[in-house]
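Chains here go by letter, A, B, C and D, matching the order in which they are written, and residues are numbered from 1 within each.
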């Protein structure tokens, strides 16, 4: 099996190193990741300037672009083979509920999926890299499952609690929960007296009911959400048709 | 009616000026848009640095950030009122099919929708701003419809053919089509001999069948697609559950 | 006379608009300036990505690069004529003493000088654009002097007090003063708890004695400092030679 | 002796690693360098956003800013001691003649000098890191000289030929040479048909006469140029005074 690994925390992040180390024994791996932290970059693609590929001493490739750029470049010109699987992460911090829209980690997996390749995004729920080894072990187990009964290609969003391995409960299938709207921007002044705005933190969980990723995580499970990327609101098509008459 | 206007081409783009001019007679408008072209920025949010808001001579506000940043800052700290509607565009170039995932124009509208406000993204199908006046007139008509029979808030993605006004056919409700995978990256060298990669163009339409945005546009109609933002692949939940046992 | 105008505050800044308006009656002017504020950019050149040139409605050209980039591109590929003079500014805020090293305004003029063209940098001493009309009138008068007795090409750094025109004293030739070292960085935390550092303000004047730019400005004069760009410390060459034996 | 090390190629560049390794046996060293390649950044300071400091596994600190930012932050808030010496490099590629104006490597040393600390910039003449070990050995020898007979603080610009150690001739004191004007920008189109401009290479040596850095290097010597930072053209002050009457 050949696996392409990317992330949005940058090629130096502990999460991608742990993930690469966990998967190297079971697959041929290649790492192509952003040169620096690109958290919050969503599916952003770099269209107005060219990208460069460099190789680090440990063999990882890094690109001066977004997570989507990395997977896109790897698949359409850089690699001379087609990966069997694309994995992204392990992200520092959860990607649950509406967060998935903004996540560069999920975006890297989505880019692979758009090219017809099964893809999995991995995130640790809490920041700080605690219990990263456990998360990497879980990630490897999930990769080994192969998901043969799912339609191919699939796109999975996996969140892992920061717990010791033997306290992590089995993975369960979940739907994305909902969050309350974000906290307000933090309006302050820089030291030169100019008004500046910092984007505030995400909102608290609003729908964390049974079956959601929030609920699974709260119970100590690994949350695995199957994703799709068709944004059409099919249920509204008829009403909209009437409204447009 | 109070309308917040944003885009991803930047506050100086002809498309947002035309849109603001078209809506000013029917609503109280405020423009908050990126300081420069941010095409392809998707739902990217700027988390690692603060943002600043400036005001241009024509009254437009501009922010050194992404389309999502602009709407986010406007709604959570900058404006002292809650808009009744958020519109984004008019974008230079189509946002149809899978493109919507990458679009900053659609992302600006999505950000408004996430805050519970009805939002509409407008794009002209071809680049070059031809027949922009016609597109602006169409945009105004769509805003005036108000879509009272749709569940609130709604999120609409509108694509408008670059045709003279009297040749544009009525708006019809569509689903997003599908594209073939993107063209390969263009691998070349910069003048200093370094290898560089340019992201290639989007793929051709793959599913442009009856009912899609591609089909509507090909027939000269305005395409209006209702969007939702829950990426959960509900139909796979059961299969995945079994697979995880 | 043909004059190329640039700055470091960006092509939309009031200072460059005032300067262009003041010079248009006495010369053929072309404006090529950064697309956004590039204060503090020094002689920085953009080597790792290509630049694009756009034209605003008022005829100004703007480039997604530094002040040095703008003059460099204008002179070596964009303009089909060779300017007789390059002017930069009017900058918002003084460029005196050691500041000149960091100044993008001075850098734009320096770039012109390196290509063998007489160049003048203009700055208003205080921020906020007060008495900008007076500064523009002074700038025009200085351009009209032509400095025929100076060796060609020359490089001048002009600072103008923010005073009403009739209170500004005549221009006098000055040397650069010295500043005390900068204020410390401001160490603080962003709203997410991460430690961040803001570069602090420049230090106070240390050598503001008779003959310096600081002294001239304190007395209400326009300060005109002739610059050179050879950083060789000629007086140390002998001592260093001995030391290296 | 305590030495602060920075560069403009980024903290991962072979040149700074070699320099740190060469100096570690003879001094207490701390490395504070840009997070990525900032070649051509000159004395640019980042004024419009805050900077963050991170620490790599090897103990190097890296900052999301320019070379000048790195030294500035280190000296005015980050380090709890005052270095005895600041060294910058080893740069990939020469910084000779007029290049020194644009060089981020020289700028890092200049920033230290502005704070009253002796500073030395090191560059290898050719790109590609050939004979880097020899250059590092030379750099160490130059640091060990201490230059007690020079006025303190001093600012030195050292260029080292890419030769095996035993073929490198002794260091000699030089003045900066002069270059011909740069090659024209390279005007081309990106794959989307947009016109783009790449800054062209530096011009050939124009003054490479006896005593210049160009001449020393051509003969296989290490070139050591003492620098000063007062840009005042003292010799023109009188002529300018008359002209302004």
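The working rule: contacts are C-beta pairs under 8 Å (C-beta built on N, C-alpha and C of every residue); 3 or more make two chains touch, one makes a residue touch a chain.
These figures come from a predicted structure and were not determined experimentally.
Undergrad: Touching both chain A and chain D, which chains are there?
TA: B, C
Undergrad: Please compute the C-alpha centroid of chain A, do the same for chain C, then give the distance between them in whole Å.
TA: Chain A and chain C have C-alpha centres separated by 46 Å.
Undergrad: So what's the Cα centroid distance for chain B and chain C, whole Å?
TA: Each chain's C-alpha centroid was found; their separation is 40 Å.
Undergrad: Please work out the Cα centroid separation of chain A and chain B, and write it as a whole number of Å.
TA: Centre separation, chain A to chain B: 23 Å.
Undergrad: Could you check chain C for residues that touch two or more other chains and list them?
TA: 47-48, 50, 52, 186, 188, 190, 192, 198, 200
Undergrad: Tell me the shape of the graph of touching chains, choosing from line, ring, star, complete and other.
TA: Chain contacts: complete, every pair touches.
Undergrad: Touching residues of chain B toward chain C in the complex: what are they?
TA: For this pair, the touching residues of chain B are 12, 35-36, 47, 50, 56, 64, 190, 192.
Undergrad: Can you check the complex and tell me which residues of chain A touch chain B?
TA: Residues 37, 39-48, 50-53, 68-69, 72-73, 76-78, 98, 100-102, 107, 110, 114-116, 145, 147-151, 154-157, 170-173, 175-176, 181-188, 190, 194-200, 224-234, 236-244.
Undergrad: Going by the contact rule set out above, which residues of chain D touch chain B in the complex?
TA: Touching chain B: residues 48-50, 52, 186, 188, 190-192, 198, 200-201 of chain D.
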